[in-house]
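Across the two complexes that follow, subunit A remains constant while its partner is subunit B and subsequently subunit C.
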Partner chain A sequence: MLAGAKSKLPLFIFLTPILLWLFLLIVLPHLDLLRMSFRIENDYGDMIWSVNNYLEFFREPIYWLTFARTALYAIIVTFLTLCISLPVAFYITKVAPPRFKGFLSLLLLMPFWVSELVRVYGWMILLRESGVINHFLLKWGILRQPVEMLYNDVAMTMGLVYTSMLFMVVPLLSVLDNLDDSLIEAAFDLGSTTPTIVWKIIIPHAMPGIASGSIVVFMLTLGNYLTPNLMGGKNSLWFTEQIYNQFIASFNWNQGSAFGFLLLIISSLIIFAGLKLTNQKLSKVVQ
Partner chain B sequence: MIRTLPQSRGYSISFKIYIILFFIFLFAPLLITCVLAFNDSIFPALPWKGYTLDWFFSEGPERIGIFHDQINLASIWVSFKTAFFVALLSTVVGTCGAFLFEQETFRFKQLLYFLMLAPLVIPGVILGISILLFSNTLGLFVEGRFGVDISLLRPGFWLVVLGQFSFITTLVTLIVSAQLKKFDYSLEEAAMNLGANRFQVIFHITLRFLKPALLGAMAVAFLMSFENFNTTLFLVGSDATLPINLYLQVRDGSTPVINAISFLLIIGTSSLALLNLVVQRDRSK
Partner chain C sequence: MHVDLSVKNVSKHFKSFTAVDDVSFEVEKGKFFSILGPSGCGKTTLLRMIAGFEEPSAGSIYIGAQDMAEIPPNKRPVNLIFQHLALFPMMNVADNIGFGLARRKESKAEIRKKVADILERVNLPGFGPKKIHQLSGGQKQRVAIARSLVLDPTALLLDEPLGALDLKLREQMKIELKKLQVEVGTTFVYITHDQSEALVMSDHVAVMNEGKFEQIDSPQNLYSRPASPFVARFVGNNNCLAGTCVGYGDGLAQLQFSSGEKIGARTDRHFTTGVKAELFIRPESIIIEPEKELPELNRMQVAVSSILFDGANSQLLVTSPALADEMLISLPQNRQYEHIAAGDRIEIGWDVKAGNCFEVQ
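Up next is the complex of A and B:
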């Protein structure tokens, strides 16, 4: 690009802050996390190397059950988010009058600029026993007694779907925007029914968007703390809550590190598998 | 099926209803939060007891509005300071990153690029604990070796700034790189032929071209930092940021003051987001 005798100075000026950032804040902390996860305190109070923190995870059913539960719910949330978002993205890009397109996509993105905490708080006001939905159900005579709709798995799942919707809708909007209308028109002229068009044309075309949206949603759900903590009940344990408890409540940083590392591994593995299965590059997905 | 094809009535009506329900689902929690900020009741719940501005301006002692609530005001100020430093720092380093990955060639570039993307796929909680662990290890080491206690390495304001900076910089790098890709290099070459050196070119030409993207990236970084919870949770010291402070209040029961804060946040973030959008659109014309 810039041919000729080029000094090395700009390279060093740009490279130094990047290396400092990546090594001091990303690489070394994660190596430290790995090191801490293999340390335990023995009976004499000395720190020794051990895999005990990891064995503890498999020995205590509460830990690996929570882990499995978190992964399972993250899959369910990802699937539900996809099912809800796909028709919306399709409507905005293909069905709605073109002049509304910009307005509708803007409207869609607005809530996600607001802090996750505010959004979860809004749902808490709506769903709790003294909440707004109960107020109306009682007023209209549908219920006699207020029902606690918060603090259960359904509320938590809905909250997680709500929180991560944006990251599914945006990639879907961009892939569907690139879908040529004439493909659908041709299929329709040749006598295809709506389900056939959806399965044979729309979904295959939207696959890159579906894959990248799903990967991001899955990862964010797995690592979410706020929504399960505030909307799920006391028994709806989420794995990040276990990590928090080990760090802040039990002050067992070594055990917490092992849990943290396990979460990091599973999340990276699933992202890697997702990318391989759909033949995509990480650098494409994150954009 | 699509707008150019004939649609059955049932299809088009049911699709419309679905979209309307979806938007209700999207906006209901935010609208109700805003509305209840003005309800003249001590609980953030219905029934509607009349309109009041107490939750904004009341001086107490029974009701303390947000503008007189010292704890919440303090946390808003902490969040502003944090977001300011994170936006500044991540924009500077992110711009270096964009130049590095777009314009320079060096060994292990691909590897470093993947490392740069990594913060986006690391859960925020993990980023928080690993930075907490490392700063603690470093602090212990420095204290043991040199007998100096560095307060910077203990949970607190600057550790929160560093924690948020560690992943927001990746976003800034991606935003600025996207703009830098569109840069017409003949402008640089022309300037160089006229005798400018590399830094003069960057300063007078490239950065000028990048200005809208830099402002946009800074706004995004500010917002991301202002509302970050997961990473901050583990790094926060005695001065809590707004999301942490709100979380503690929401967990232990709530008052309409939280609604008032939420209302201000919703108005504030959406106007910043809209402003950013309008600026970007104007520039791209």
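Up next is the complex of A and C:
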């Protein structure tokens, strides 16, 4: 008995900070938000229980259209990030000389040493009407008039892809590192061309990494506020901005928390559907 | 005779290192050809050049009658069995075997039929839907061979495919592989560092050392008439006796050890008096306590230092002042030599024709 209790003590000591962190900063506020999302003010100014906040989302097209748009863009961003990251990860693990591998991974990591805000402003300096790219295009005579490259969906998508790339490349690096080179050689020897090797060998092998990278990128993109807000401009409304508006602009915390929970639930459903479609298990993907 | 594979003066250099140095050989259709050599001798590089994964620095490779220069591996009529087999873990057995056929755009029905046929042939009928990780080592081996054979290659290249198996299974697979090769009649080019694999299965064996071929011959000749001291040492067990040539005539060389003892050795080579020479004599060529009247026998008094009992492979370890190293002698387990114990002094002898004599360069 005593020995058992003794051996568990260090575990509790080390677990306490993380449990406190989880409970006080994540579980408790969420429970409060959940309670708030079911409260509305009735005609007499009293707070009563209701699901009206949730119904509001489906009643007003602006809300669910914004959400659909956000989810669609998040899927596009995830897909584009994957398309760019897979060759990058393949190059680092299989093509680059071994002594450069660490250096190349470091290059990927470097932009993440500065905050997202600074990175987004960096892009803005490059892309805006009076920015660096326009300056050179004008100077070389390619353009006569400066073009506004910011504040549209393309700029926003690019910014989001740039922000998410690392989170896709890292899991891909680890799965591709495990890919035996002789599998690729064997496929080649059996008559494959490069596209069939990618499609039949590399992608199936990398599937767990693709799934875990995609989940992280999708979640981060869906919950991103800064990049769509700064680079997307007025026409590219992101769902997080709707939540922000409810909390800060309309001061309707009850509506805002209902939206927050809807975002959580629907994004979880999309990920669940994605895992089912690609035949992956969550427990295997998060390893 | 139709030649399936012909390698002409092929060399491969990696910066300052020469992996394969001016190697030439031909393999006739339907033969089992082995390349035997210690690890790092360049045999894998040579095989990868035939398969097309490496470009030779010099020389040319012909498969059938076609020059293979600049032809990528996926266009060559040869298939390689990798050391660790490289079966695709994301596919089942049937998809693995059908992979090459699907790349040739054969019809689904055709692929299904060919896969079933080849599975039958490698004694794995009905294994199609199994996953790769459900197979045992020997079954994986057979699937890997089936995956290549189903494409009906001009030559099948095998890169030490039995290396990862345990001893019992390896012995069994050796025989199976040889049978299969005879049955399908495909030309096999097999590389290994295991001399027993090479000797048991091959029609011809090339012994490779430091990028060069030392000897290409039948397994029997390789064993009984090695062309160089390296082959004598590498193929089978051999005792090496070093001495000086003190006389040569009529194909018989007289060797003298540093202790003053003299022995005779029949040899095809010419020896001049005074040169250093090495005599290689196999453990099984040595007779324990030879009868007095046997002619043309080298006799020697030795002390038994230990008995290495290993069933049919039992050996005696003996020493003598004449020998620099200990000598191994086969000890037949027919109860005739049960009286021999460690520390005994015994007489041994061998026929003057039994050994192979080389001049030390």
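The rule we apply is simple: the second predicted complex is superposed on the first by the 250 of 287 C-alpha atoms of A that agree within 3 Å, B and C clash if a C-alpha of one lies under 4 Å from a C-alpha of the other, contacts with A are read in each partner's own complex, and residues count from 1 in each chain.
The rule is simple: contacts are C-beta pairs under 8 Å (C-beta built on N, C-alpha and C of every residue); 3 or more make two chains touch, one makes a residue touch a chain.
All figures in this text were calculated on a predicted structure; none of them were measured in a lab.
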| item | value |
| --- | --- |
| Three-chain arrangement built on subunit A, subunit B and subunit C clash or fit | fit |
| First (subunit B), second (subunit C), both or neither touched by A:Ala186 | second |
| First, second, both or neither for A:Gln145, with subunit B first and subunit C second | neither |
| First (subunit B), second (subunit C), both or neither touched by A:Gly122 | first |
| Which superposed partner A:Pro10 touches (first subunit B, second subunit C, both, neither) | first |
| Spatial angle subunit C-subunit A-subunit B, Cα centroids [nearest 10 degrees] | 90 |
| In the superposition, subunit B vs subunit C on subunit A residues touched | B |
| Subunit B versus subunit C as contact partner of A:Lys94, first or second or both or neither | first |
| Closest Cα approach, subunit C to subunit B, once both complexes are overlaid on chain A (Å) | 5 |
| Those residues of subunit A which subunit B touches in one complex and subunit C touches in the other | 185, 188 |
| Touching residues (chain side subunit A, partner subunit C) in the complex | 180, 182-183, 185-193, 196, 200-201, 204-205 |
| Contact set on subunit B toward subunit A in their complex | 1-5, 11-12, 15, 18-19, 22-23, 25-30, 32-33, 36, 43-47, 92-93, 96-97, 99-100, 103-104, 106, 112-127, 129-134, 137, 162-163, 165-166, 169, 174, 178, 185, 188-189, 192, 198-199, 202, 223, 226-227, 229-230, 233-234, 243, 246-247, 250-251, 254, 258-259, 262, 265-266, 269-270, 272-273, 277 |
| Of subunit A, residues touching subunit B in the complex | 1-2, 6-7, 9-11, 13-15, 17-18, 21-22, 25-30, 32-33, 36, 84, 87-88, 91, 94-98, 106-111, 113-126, 130-132, 135-136, 162, 165, 181, 184-185, 188, 194, 197, 219-220, 222-226, 229-230, 240, 243-244, 247-248, 253, 256-257, 260, 263-264, 267-268, 271, 282-283, 286-287 |
| Complex contacts: residues of subunit C adjacent to subunit A | 51-53, 72-75, 79-80, 82-84, 86-90, 99-100, 103-104, 147-148, 151 |
